[in-house]
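Every chain is named by a letter (A, B, C and D) in the order it is written, and numbering of its residues begins at 1.
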Amino acid sequence: MNAPESATPAVMAAIAGIREELCTLHAELVRYELVVWTAGNVSARVPGEDLMVIKPSGVDYDRLTPEAMVVTDLHGIPVDGGWGNPDLAPSSDTAAHAYVYRHMPEVGGVVHTHSSYATAWAVRGEPIPCVLTMMGDEFGGEIPVGPFALIGDDSIGRGIVETLSGSRSPAVLMQNHGPFTIGPTARAAVKAAVLCEEVARTVHLSRELGPLIPIDSAHIDSLHQRYQNVYGQ
Amino acid sequence: MNAPESATPAVMAAIAGIREELCTLHAELVRYELVVWTAGNVSARVPGEDLMVIKPSGVDYDRLTPEAMVVTDLHGIPVDGGWGNPDLAPSSDTAAHAYVYRHMPEVGGVVHTHSSYATAWAVRGEPIPCVLTMMGDEFGGEIPVGPFALIGDDSIGRGIVETLSGSRSPAVLMQNHGPFTIGPTARAAVKAAVLCEEVARTVHLSRELGPLIPIDSAHIDSLHQRYQNVYGQ
Amino acid sequence: MNAPESATPAVMAAIAGIREELCTLHAELVRYELVVWTAGNVSARVPGEDLMVIKPSGVDYDRLTPEAMVVTDLHGIPVDGGWGNPDLAPSSDTAAHAYVYRHMPEVGGVVHTHSSYATAWAVRGEPIPCVLTMMGDEFGGEIPVGPFALIGDDSIGRGIVETLSGSRSPAVLMQNHGPFTIGPTARAAVKAAVLCEEVARTVHLSRELGPLIPIDSAHIDSLHQRYQNVYGQ
Amino acid sequence: MNAPESATPAVMAAIAGIREELCTLHAELVRYELVVWTAGNVSARVPGEDLMVIKPSGVDYDRLTPEAMVVTDLHGIPVDGGWGNPDLAPSSDTAAHAYVYRHMPEVGGVVHTHSSYATAWAVRGEPIPCVLTMMGDEFGGEIPVGPFALIGDDSIGRGIVETLSGSRSPAVLMQNHGPFTIGPTARAAVKAAVLCEEVARTVHLSRELGPLIPIDSAHIDSLHQRYQNVYGQ
């Protein structure tokens, strides 16, 4: 099986492009040292289809190719295994990604890592306070903590969706586990994962040596508003 | 539009050289891990002209080429967009850089990062005390903190200029934001950014485990005097 | 002497494959910054033989080739020196590796490093508490501390075996020394070494700023059970 | 001037070999992140001659070539400038290196860095306690602190020699400044610099979270004795 049976040429082309992009984006997780060994993954929704593409389970980042990525439906059932192998299992976090796509239609990409500083906050169950202009820009406030949840059913996905619905933050720190980030695209979700670890680290370091100066919520609103609408090209 | 309309061949050659240099210097920010994603920038004054050159907004460091750099006037208005594109926006920090060039004629280069340890001091609003011979050499005393300021007008630039005028330090830690550094050249400002993070890190680590031994102010004067006049070739 | 005198072609082919694999795996120790200079080593059992293969003593990682690896018996006596040189001494930790292979027949690979965060716990003689889902997955509980032991006899090997026998953890933190990890294969032992440092770091960072939320032992059992039986391909 | 005027072909060949070695060794300082920008240097004695070879002042590590290294006498007076340029100044730390060679005839190499964790101990004026088997091996006890000393005369060199004479440690932490390490060869001094930072970091991390378990001095003697006489090939 090389593609979903009913896929049109346009959908197949879209999937091919997404596979390339996911390969590039997993390399960003490695470059920014957000993952070790095989412990982290990026997925992307196939726009307009009930399909997503995700990393195969337990495969080294060095061995990932576009063809390795697994296409599944939005319940995580593989419809096109990586490397043309229908038995290649998708990431063990697939159920959580799929739950997000089913319940947050505006989300086009999801990232999961165990990046060290972000996870350190998650082990204390403590949100990261918004004390950096960079946090106002990207997260629009604190980065919240989600519930403890075991892998194996919809608990993790539900925890992500309940925590992020109505929040401006694209990142949630799942308790005792690690961050999940979302975005309109997989690239935006990777950017949120990179900045989540960066701000987790900077705020951690700052608090090691004394109290932090807060930022007024009106200033946070202003930073977030400007960054989301003016920054970049 | 490929160059300021009134530019002479000599000015155009100077701009071409600056674009090359800025490309090299942004790679130094990446190498020393002072920036993630697109969050940091270097600019240079065009000597003798009311012009500066700066990174375009929101462009990945990997994609930067000399041609990508944007030439603006000293109010940050683009006069030659990067990649020959008049609509390529300069860095969102351009107004702060431009303010510095307008008010500090001795400055030839400006750098802004959110490097982690320097920013950690800025979140507490705490200057870095001068307890390292390397700090005496390069900064001639503590590294001061500048005010909280929002992006969008001259507040950041004014905060930088007011804090650094009359200081021997080429670095200021803008509260809740991150360091800005200046120098007679863009390369000197990048060196100050690298050393700012290095000393922020070393002094942070030292203070984690106990009180720091101060350095006499007369010794700091002596170190600074020697380094600024004798070091190097 | 180029091979154990009694080796069959099949054993010699197995040894050649193991030498290649060990060369690749030592590069992983370097990549994940678990070792500096020459201070860390990986070994592998030759399946079905009373033989093991290990790094030569004091040789830079950059200079390691498959041919450099030393074949010894399970008391650490060289039977085929690296680079065809019968006098090339095996790692000074060979006795500890050999002791493990003699007393734990299920072990196919052993790794020793002085990775910083794991060793930091070992200097306090403190086990790493299981507060991360990643720790439940890979270690099935806390990472235990082994006794202080001097190099030169079987003390280190005995300390490793006594601590790990009956534990689900493939890692032990030898007091004032550093981690040893085991696995069914050398690759699995390297994975355990990488994850040991990763969780040592994350739990360290978390505890710097406050108390940690524990994970129920029933949840740890569930995580470990699932990861050992379902994860990967 | 391309060589000391009185140099024999054998001495000139020795100097050429040392220049190559120093080029390689400065790259090790960069690889292990012991230095930033131009702030660190390695020197080597020319065996049997009153000569030494050292890095030129303020030159980027990327631009260093064997030919860039400066040959001086043992008072730091250049006798063969780098790149054949008699005016190329040697490292601003040359006087300290030269003092060591004049007063410690057994020393063949000297290294100076401002590596972060080692320097953090130096800012508190606190020796690093010997709580790691790796420290027993390489340093034979604690790593001592030397006095505060200004650059410009023999104060730094004298502080190094007085602290290290009669110590088993090849490293001294100069107060408010950074580590200097020595060895029978430049490579051995670089190894000591790498291990000095490694143990400074591990012991720092350990002490952040609680009290350290000491190692008996008899055990330290035993570790040091064995490592100096048995380790390696």
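What to note about this one:
Here is the rule we go by: contacts are C-beta pairs under 8 Å (C-beta built on N, C-alpha and C of every residue); 3 or more make two chains touch, one makes a residue touch a chain.
A quick note: this is a predicted structure, and the numbers were derived from the prediction, not measured.
Shared numbers divided by all numbers used gives the overlap of an interface; between chain A and chain B this overlap falls below half, so the copies present different residues.
Bringing chain B onto chain C by least-squares fit of CA atoms involves turning it by 180°, to the nearest 5. A centroid comparison over C-alpha atoms places D as the chain most distant from chain A. Centre-to-centre separation between chain B and chain C, using Cα means, comes to 46 Å. Annotation: 32 Å between the Cα-based centres of chain B and chain D.
In chain A, 208 are the positions where the chain touches two or more neighbouring chains simultaneously.
Chain pairs that touch one another are A-B, A-C, B-D, C-D.
Listing the residues of chain C that touch chain A in their complex gives 32, 131-134, 191, 194-195, 198, 201-203, 205-206, 208-213, 215, 219, 222-223, 226, 230-233. The touching residues of chain D, counted against chain B in their complex, run 36-39, 56-59, 88-89, 92, 114, 116-117, 119-121, 123-126, 148, 150-152, 175-178, 204, 207-208.
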